[in-house]
Amino acid sequence: MSNDKRLRLALFGSGRIGQVHARNIAAHPNIDLVLIADPFIDGARRLAESTGARAVQDPEEVFADTSLDGVIIGSPTSTHVDLISRSVARGLAVLCEKPIDLDIDTVLACREQIKDSTVPIMLGFNRRFDPSFAAVRARVEAGEIGKLEQLTITSRDPEPAPRDYIAGSGGIFRDMTIHDLDMARSFIPNIVEVSAVASNVFSKDIEELNDFDSAVVTLRGSEGELITITNSRHCAFGYDQRLEAFGPDGMLSAANVAPTTVRKSGAKGTEEADAYYPFFLERYPQAYYAELDAFAHSIRSGATTSPSFADGVSALILANAAAESAVTGKTVSVVEL
Amino acid sequence: MSNDKRLRLALFGSGRIGQVHARNIAAHPNIDLVLIADPFIDGARRLAESTGARAVQDPEEVFADTSLDGVIIGSPTSTHVDLISRSVARGLAVLCEKPIDLDIDTVLACREQIKDSTVPIMLGFNRRFDPSFAAVRARVEAGEIGKLEQLTITSRDPEPAPRDYIAGSGGIFRDMTIHDLDMARSFIPNIVEVSAVASNVFSKDIEELNDFDSAVVTLRGSEGELITITNSRHCAFGYDQRLEAFGPDGMLSAANVAPTTVRKSGAKGTEEADAYYPFFLERYPQAYYAELDAFAHSIRSGATTSPSFADGVSALILANAAAESAVTGKTVSVVEL
Amino acid sequence: MSNDKRLRLALFGSGRIGQVHARNIAAHPNIDLVLIADPFIDGARRLAESTGARAVQDPEEVFADTSLDGVIIGSPTSTHVDLISRSVARGLAVLCEKPIDLDIDTVLACREQIKDSTVPIMLGFNRRFDPSFAAVRARVEAGEIGKLEQLTITSRDPEPAPRDYIAGSGGIFRDMTIHDLDMARSFIPNIVEVSAVASNVFSKDIEELNDFDSAVVTLRGSEGELITITNSRHCAFGYDQRLEAFGPDGMLSAANVAPTTVRKSGAKGTEEADAYYPFFLERYPQAYYAELDAFAHSIRSGATTSPSFADGVSALILANAAAESAVTGKTVSVVEL
Amino acid sequence: MSNDKRLRLALFGSGRIGQVHARNIAAHPNIDLVLIADPFIDGARRLAESTGARAVQDPEEVFADTSLDGVIIGSPTSTHVDLISRSVARGLAVLCEKPIDLDIDTVLACREQIKDSTVPIMLGFNRRFDPSFAAVRARVEAGEIGKLEQLTITSRDPEPAPRDYIAGSGGIFRDMTIHDLDMARSFIPNIVEVSAVASNVFSKDIEELNDFDSAVVTLRGSEGELITITNSRHCAFGYDQRLEAFGPDGMLSAANVAPTTVRKSGAKGTEEADAYYPFFLERYPQAYYAELDAFAHSIRSGATTSPSFADGVSALILANAAAESAVTGKTVSVVEL
């Protein structure tokens, strides 16, 4: 495809994440948002008005539009597999929010269905595109610290999602840790073992739902690399998102991001920085934009997407292994990602 | 003016700074760039193509367009006063890049000419809009450190401008320090004394032009506040732009900005951050956008602009005083800003 | 015991750690080092000369000196249990370097033997006395971050000990991690589960000795607290010793220590700090001194020592559990510390 | 003099600074404190008891002791010149607290008197020995940032000294800035111009004494180097002591020192460090010890002392020039340091 032609995309879902994508497309110099599909047509209409797209209720209207290059799927998880399959069947490139589905069999069936397609299918693990995390990865790959030996990921949400959300989330590993598992795989794709320890230290709600509010997951890579993920469903100081990559020649770390560089020194303490960004919309705007740009690049160039559908499958397999390990107290071997 | 109506602006100048403004207007949700005027019509055309504006060669075409709300003046300094006067005469709001002019008499004549106008006239001291500097100022004004007593501004360019530019720049104080003088006045408007010490430590070129490559300026506010500005025309580690505000209850500081939060620890040293942004285009994109937004707000609301034409006059008076002090070795009193 | 009387101590061992203790006693205002016992009498003599003590070869000479208040045991691990038992039998207070012994049965037999004694017995987990770690612990105990939920300990040695040392060390968990296990217990004494994942990523020597060069240990406290320890036997940027304590109201962290506060900014990178201290002698001098002071305080006041003999037993039990978990891939329950 | 022989020193003055020196000598492995002379014999006795020295009232007892190698003068400023002269006349090495005297003529007369002596005379500008400042200087001298172009010194006391002390202090420049002037000269010995701006922003007491509570001093070195000193007589966040050295190849900075590396992140702000050390006794203990060690080295080796008597003279000349400039508003040329 020529680089000059403007890309034409449709968006499924006009909720919080749909709005992020719609605004990024509006700001992108050579992508047009043509359709926004949502059964809740009012939300789609409001978003369409401010972005110049057309709102539709029925996804079939998307599939009927032969002018489109691709779709972004930001609708509820339960719709992902169906929309992926139908989009791919029409030859539309897909950028789908994670997870593909909470059920691995459903995911694998979808994989079977689309296995012969050559359209780009990208999974929305947005954090891969964060400038700081991406810089650490690029510098590790460039050999700056030698062969990666240890990776330490800290990932804490500011506060638990509502009880209803948690109830249908698939649990902390499939809902929250899955992002960190993908981050781990973006450094060390070949994970062979998963150990997890989880607990309930603050939320009665989450405990009643048989879910955990806190977890530590340790992964082993095929060459002995050790990866640690520390999760909590709450964090008083904002969205805590950091990592450290350690190798024989040193360490590269990515810290939290604050709105300004201001520091305060006073009688009680010194060099106090801003509160960190509260959550992913504020923390990762550059990542969402870069993700969109990478998707556009894949459509134009036919290049392999990263993260791919297969990356989505792998992350879910690891999340399932972590969930099993947390319950059994045994390390789970992962034979084939 | 209603908040709903889209604003229509024209831009004078399609050079480096004109391009910044043109792109920000393109990204702004309710401002349209209608005309780009530049005697070098090719540059105007290229910029117009990518922003949807129309390129014109003759400024009269701007003044003839009765649909416009305002203009942004990003053309060479020598054209500023003329364009300001003519724009104001047509009732067009003005956002003019600094300086108004290098000659104070010309500036004061312009002031006389426009003194009865009520259209917003804003000076492009973009740094006032930097999020970190603005946050320090807001927190000082909120009383967080008590009454401001000392302000320390560090401002170093990455490398000297070309010899030709320096030759016509009006000298370090009028060209470079003037930004810091305005920053000082954004904290302490009422400056009563200026002392400057300047020297030539690295550039033969600048010395031959009877200009300085390094300077320290000390200002005194009307209530005894002491402000120090440290300037250099080069800086190995990028564009060095920092400040510290000190009062009886503590200190608020704004540090340099790096592209990522990555830190490297290795055998030679630890916690090494990125190189800072190289220069103003990379360092202050948010500031330019916020400046545009503030200009739009002034046009809509009729609110006083900040920085105003008068702020531009004051900064030039202080720059002249600094230049005088650097040569005479005497503190210069500033009677009326 | 009166606070005025000078304490009289003997030291077993004149090696590296014995020298640290001897010098600290020399610098302490009211402790005298009376005897230094070492079968390698030359080392004892050299150390005695510079500290004003008397060198002896036979430990019996220590036990025969009825003027002594206590002993510091800095001799090889294999001598610890015997020297503890004999010292305690003479009513001498004991500060013994860790570990008590590498064999838990030997340790428990020693515990049985001394169980009726009331003399202070202190274990040399020096890091408890590091000012930064101690400050975090004190602030956690003061409730500054609410109930402790997660503790993250990073602990990397600069480089592997010599092959011979490793061979007799008892393995990474009993030799190196044991310090971190005690640190964990200084925050959360009641540990109920241990999971460990370990690997060989860089050292053929260590692998040949059936030991690991890298490990991650996860502990669970009785109230669901999660503790993570990350270990490596090498570290390019020095002795990496950090921790983070996380609770509902925030996080307290202790970072590495550098010799100076100097930062370097240059063309390649900015704000580069010093290399960290190379190893424990340089990193923990204040901790060793504070440990000695706490020992003296226990002798004078009869106060319970911390860390105690029981803490030494607990740390070894946890190290053994970690070693088991690393091999079996199963979480090990710890019934009674 | 042999390196083996223990040095024998006497101390004049048993006040705050005398106590610092006495304790450092007690901790030093090969210096003995023999005599402590103070007309307030009770203070001398108390200090003598805890350090093993002998207290005397009459300085003549010091000069009569032929076993001494040198003296440390920590008595009131008014006694310095007399004690220096008499000590030097007896061939005793001298470490004298700053200033030599507040009156330049008295200082120059003393210089004349001792000009033929070869005994080491050292001035107590302790900050030269601070590890961070010394490291910056060493790295500048090693050429790490190229030829030094700008030096920025921040120096704020935690709170004003008592009114009586201020009244006899000689004013902010001779009492407080003099340390910073010496620090400047330790980087750039050859200062040729002094400009100062000073004000009264918070203390009525100091204003009534015709002194300033705040000041900025700018110095020019003989090769165009620009040095800025920012002073305040109060500081909410402790003793603020920092510097930045800037050259063509980068910047080296030394920051404030905190008791621990602990950082706190909470709902209101993040990464808050400890309050800095409150004042010089807490901030500069290593510097005082290193100063003593350097003095001992000079006595043993006959090496030139740094800072020397001449450095004390130069600092006072610069302080006088700053005081003059602050009043006249004119840059003061310094012909010969």
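The first chain written gets the first letter, and so on, giving A, B, C and D; residue counts start at 1 in each chain.
Everything that follows uses one rule, which is that a contact is a pair of C-beta atoms (placed from the backbone, for glycine too) under 8 Å apart; a residue touches a chain by one contact, two chains touch by 3 or more.
All values derive from a computational prediction rather than experimental measurement.
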*Sort out for me whether B-C or B-D is joined by the greater number of C-beta contact pairs.*
B-D
*asked:* Which chain has its C-alpha centroid farthest away from the centroid of chain C?
replied: B
*Find the geometric centre of each of chain B and chain C from their Cα atoms only, then give the gap between the two centres in Å, rounded to an integer.*
58
_Between chain B and chain D, what distance separates the C-alpha centroids? Give it in angstrom._
42
*Using the touch rule from the top of the page, what residues of chain B touch 2 or more other chains?*
145, 236-237, 249-251, 256, 264-267, 274
_Residues of chain B defined as touching chain C within the complex_ = 236-238, 256, 258, 264-276
*Hey, which residues of chain A end up touching chain C in the complex?*
145, 147, 149-150, 152, 154, 156, 193, 195, 197-202, 214-216, 218, 220, 223-226, 228, 230, 232, 234-237, 240, 246, 248-251, 329-331
_Interface residues, chain A side, partner chain B - complex_ = 27, 29, 50, 131-132, 135-136, 139, 144-145, 249-257, 259-267, 274
